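Same chain, two partners: chain A is paired with chain B first, then with chain C.
So, the complex of A and B:
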C-alpha cells in the first residue's frame, strides 16, 4: 500500500478491509475519563467531612476528590452536581463506579439522579512488536505528525477518522488518546498499523 | 500531650480568676510558636512506621489518616505494633493550629 498523500489517512476504499487480526498486542485500555450529571447540588465541605477517602482543597480545585477501591476509581464531585470519574479500565467499570459514587452521596443525605453519562476520553496502550523509523514517518506524513526528539521521544500522530491522537514510539509501542469508545480504538489501530509497517526498521 | 495539659491548666487558672482570658490566649500563642521551633530544631529522636492506609481525609487544610496494622520502629531497637492509629496533621506554618 503506497503512502497516503491525500488529506485523509484512511486506507484506499477499494482495498478489502483486512479480516485477519493484526499482529498487535492490545489495544489495552489503561484509563477512561467520563462525566455524568447527578442533578443535585452538593455541599462539598460537608461531603469532605463525612465521607471517607476525600480530598477537598477549594483554594486549589473546586471539586471534592473521592477515591474508591472497588472498582478502583477517582471521582471529582463538583458543587453543581457534575461528576467526573477517572481511572477505570473498562466502560462497564466506569458505569459501575459512577453508580457507586452516586450511592455513596445518597447515603450522605443527598438525592442524586445519575444522568447524561458520557465517556469523554479513553486512553489505551498497544504494542506493534516492531521497531519504527519515526523520522521516516514524519517525513512522509508531515501534516499528521509532530516529532521533536529533543523534547519528547515519541511521535505525535493525529488521526482524522476517528479523531484521535496516537503517540508512536521507536520501540513500537503506541499510546492511543482521545477515543470515545472501544470501536474507535480498534479503528485507529487498523488505520495506523499499515502506515507503521512501511516504516519498520529492518 | 503538653499542649492539652497547658490548655487545661490555663482554663483552671481562668476559672479561679487568677489570670485574664486574654493572657491565656497570649500564652497559648507563645506556646504554639515555641513548640513549632523546638520540634523543628531541637528534637533529634527518630521514628518510622509502616502500615496499611485505611482512610484519609483532607479538608480545611487538615489531614486525617486512619492507619491499620502498624509496626513502629524507634531509634532502631524499640519496636511495637498497633492495630489502628489516627493521625491528625495540619500545616506547620499555621500559627492558629491547635
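So, the complex of A and C:
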C-alpha cells in the first residue's frame, strides 16, 4: 500500500478520503471523556460517606469521585446533578458505565434520569511504523505545526477538519486528541498519514 | 453708484456749509444694498468654526475657539502650556488627569511610551549578559511594543513577556545561539513556563505564519552556532575551530542516525563536544560540559551511549573525518530499541538473581578457605559461576546496586549494643572510585580490570567466619524468603498482566457482541437519547448481577468509620462552610445585602483593549457617524455601567435630551450630548467632588440651588482650590452633584471617594483656554436652575442669598 504522493501537500484539501486501509497500527482509543446530566441534586457528603469506592475531597475538587473496575471507569458526580465519566476505552463502555453510575446512585436513594449524554473528548494512540523528520514537517507546514525541541520532543499538529490536535513523535507514534467520535479519529489519521509519509526515513 | 468704490475722503479744508449739508444727507441715504464680500456670496462653515464665502473665499466670521498655544501661570510663577500633550505613539491626550480616568479606563498611566521605556530598560540589562547584538535588541523591543498593543502584556508578568519577546527576536536570526534556558536562567524563571508564554505569544501575534504572509519566520535552533558558542567557552585555544568542526560532523552523523529529532539541542551539542574534544586530544569531563551546556549529566551520558551504539562509532578518528558522515547505514532512533534493551537487561538481572539464590541454597557455610575464595570472587559480580561454591556475601546482596567491588563493602558486619546488626551505608562508587568518564568509542572501551586480590590472614578469617555464621543463618533465611517473594511477585505480575489482557479481550468481545446485538455501530455513534432511555426497572434488570452495584453500599459500621475519618480530614473545610452559612443567615436576618453584590463569585473579566486601539470602532454594532458617537461608544465600553442610586437620570435626561435650552446650545455643538452622557454615566468620582461636598453642605440649609458660578465661588471660598476641570465637565458634574444633593443629601456617601487624591492633580491640567470660572456666571443660569430643580424655583427661594 504505497502512499499516494501525487496528492497535494496540504492536509486540509477537499479531496475525498481514501477508503483503502492504511498501514497503521490503530488508532486505539485510550481514554474517553463524556458528560451526562442526571437531572437530580446530590448530597455529595452523603454519597461519599455511604457508598463504597467513593472519594470526596471538597477542598481540592467539588465533586465526588466514584471508581469502578469492570469496565474500568471513573465518574465525577457534581452536586448539581452533572456526571462526567472518564477512563473508558470505548463509547459503549462509557455509556454502560454511565448507566451503572446512575444505578448506583439510585440505590443510594436518589432518582437520577439520564439525559444529554455527550462524548466530549476521545484520546487515541496510533503507530505509523515509520520514522518522521519533525524538522522537515515544521518547515513545510509552519501554519499547522508547533515543534519546540527545547520544550517537548513531539510536534503538535493542529488539524482543522476535524478540529483536533495530534502529537507526532519522531519514532512514528501519534497521539490524537480532541476527537468527538471514532469517525473523527479515522478521518484525522487519513488526513495526516499522507503528509507524514513525505517526511519519513527514506 | 457702484458701492465698490470707496467714498471720497473729504478734507477738512474743503468743508463748507454746503458740503456739510450734502454730506449729512449722503450719510443718511441708505446704501444701495447690504455690503457683501462678492456678487454671489456662498457663506459656509469650513469645519473649523470659521464662516467663509465659498465664492470669493473671504472669511466672514470666526468663532471664539482658537487653536493657539496659550500659557498659564502656575503657583510657582512658571508658565505652563495649557492643553494636553499627545505623545508619539500615544493614542490620546491626558486631558482629564488620572483621577478622572481611574473609573473610566484606568490604563492611562501606562501609556505606550512608558511601556516602551520600561521594556527598553529591562532589555538593556538583559542583552549585554547574553551577548545579543543591538539589532536583535531593537527587534525585541519592537516585539514588546507589539505585544503591549495587542494586550498581550497586560495580565502577564512583565519579565516573562520581555523574556519571551527577546527569545522570539533571537529566533528570527539565522545564526541564533541563544536558548530558552539561557534567558530563563538570567531572569530566574521556570524554563517551561517561559516556553508556554513564548508559544502563546507567537500564536497571538501571528508570528508563526499561521496566516498567509506572516511576519517572518521563527527559525529552528541550528546546532552549528550552538556548538561554536560552547566550544568557545570550553577554552580549546588554538584548536577551537577544529573541535567545533568535528563536533558538527558528529551531530550531522547523529542526525542521520535519528538521534537528533525530538531531542534537546544542548544535550546533543554537549555529547558531541565531549567526543570531539577526545578526538583532538583534549579532555573535558561531563561536569564541565554540563556547566556550559546547562543540561543534566545523565542526558549527556545517555547521548554518548546512544552514539556509541551506531556504526560510525567504530571508525577511527581519521576515517570518521573523511567519510563518517557519509555512511549509508542509518541507525534506528533510540525509542525503537530502548524497550528491547530494557527487557534484555531485566532478563539478565532476573537470571543472575535466580542463580545466586540457587547457589545459596546448595552451599554449606563453614569453610574458612572457601570464604577467602568467595570474597575474592564475590568482588567481581560477573563471575557468578564461581559463586555456586561460595557463601554469598551479605553485603553484596543487601546493597544490590553498585557492585563495583569496593573493598569498603567487605568489612565485618557491625553490631550495636543489643546485638542487632547495623546495615552498611550505601556507598556511592563515584565517591570512592573515580568519576565515570565518557569513553571514547573511537578508541575502544578499555577492558574492565579485575580488582587486586585481597590478602587476609587465617585468624581473621576464622573469627569472622564464626561471627558471620550466626548472622547469616537468620538473615539469609529472610533474604531467601524476600528474594523468593520478589521472584514470585514478578511471576504473579506477569500472570496478572496476561490475565488482565485476556479479560480485556473477552470484555471487548462481549461488548462487541452486545453492541452488534443492540445494533450500535461505531461509525454512527448514537447518543444516549437514541438509545432508549432506561427506566428504573431497566436499570435494575441490567445491573441485577453486577457486583459493583450490588456491593456499592457500605455497612453501617463501615459508614461510621468512614464518616469519622472524613470529618477528621475535612474539619477546617466544614468549619468554613458553617461560617458561611451563618454569615448568610445573619445578613438575611438584618435585611441588608452588602453592596448588593454576590460575594465569592469569580467574574471572568474579558480583557478590555486599551482606549484608542481601534477595537471599539471595529466592533461597533451601531454605525458611527461623528466623533460624539465614537466617544460615546468607547465610554460605554470602558466605563462602568451607568447605574448609580445617587443620580437622578430622569432629570438629567430632561436637561440634555431636548437640547432646546440656551445652555446646551452655547457650548461647542456636537460635544455636549456625549459630554453630558459622560457626566451622567459616571459616578461622582472626579475632582469636583470636594466642591460638591461643600456645596451639598450649603444646599442643605437653603432650598435654593446654585448656579455653576456659585459652585466655583463656594469652593474657592471654602477650600481655596481651583477647579481643575474644563467647564463642560464641571457643569455636568455640578449638575450631577446638585442632583445628588437633592436626592440623597447624605454627606457620608462621599467619603467613599477619599481614595482619589485631588491634591497633586488639581490645577495641573486645564481645558481649552477656558481657565476662568467667572465666564460661567454669564451663561443661562436661570435656565440651568430651572432645569435641575423646578420646585425650588417655584418656591421662589432666595437664590441671591449665597452670593
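Just a few scattered comments:
Here is the rule we use: the second predicted complex is superposed on the first by the 185 of 202 C-alpha atoms of A that agree within 3 Å, B and C clash if a C-alpha of one lies under 4 Å from a C-alpha of the other, contacts with A are read in each partner's own complex, and residues count from 1 in each chain.
In the analysis below, a contact is a pair of C-beta atoms (placed from the backbone, for glycine too) under 8 Å apart; a residue touches a chain by one contact, two chains touch by 3 or more.
Because the structure is predicted, anything quoted here is derived from the model rather than measured.
Once the two complexes are overlaid on the shared chain, A:130 sits clear of chain B and of chain C alike.
In the superposed model, A:175 makes contact with neither chain B nor chain C.
When the shared chain is aligned, chain B and chain C each come close enough to touch A:56. Judged by the touch definition given at the top, the superposed model places A:107 against chain C, while chain B stays out of reach. Of the two partner chains placed around the shared chain by superposition, neither chain B nor chain C is touched by A:79. For chain A, the partner that touches more of its residues is C, with chain B and chain C as the two candidates.
When the two complexes are overlaid on their common chain A, residue A:167 makes contact with neither chain B nor chain C.
Using the contact criterion defined above for the overlaid structures, shared-chain residue A:48 touches chain B and also reaches chain C. Within the superposed three-chain model, A:146 lies in touch with chain C and out of touch with chain B [touch as defined at top]. Comparing the two complexes, residues 48-49, 52-53, 56-57 of chain A contact chain B in one case and chain C in the other. Against chain C, the residues of chain A that register as touching in their complex are 36, 48-53, 56-59, 68-71, 90-93, 95-96, 98-100, 102-104, 106-108, 111, 113-119, 131-135, 138-139, 142-144, 146-151, 153-154, 169-171, 181-183, 201.
Listing the residues of chain C that touch chain A in their complex gives 179-181, 191-192, 195, 199, 208-211, 214, 217, 220-221, 258, 261-266, 330, 332-333, 335-336, 503, 507-508, 511, 514-515, 520, 522-523, 525, 527-529, 531, 533-534, 536, 539-540, 542-543, 546, 548-549, 551-554, 558-559, 562-563, 566, 569-570, 573. Here chain A touches chain B in the complex through residues 45, 48-49, 52-57, going by the rule given at the top.
Residues of chain B that touch chain A in their complex: 55-61.
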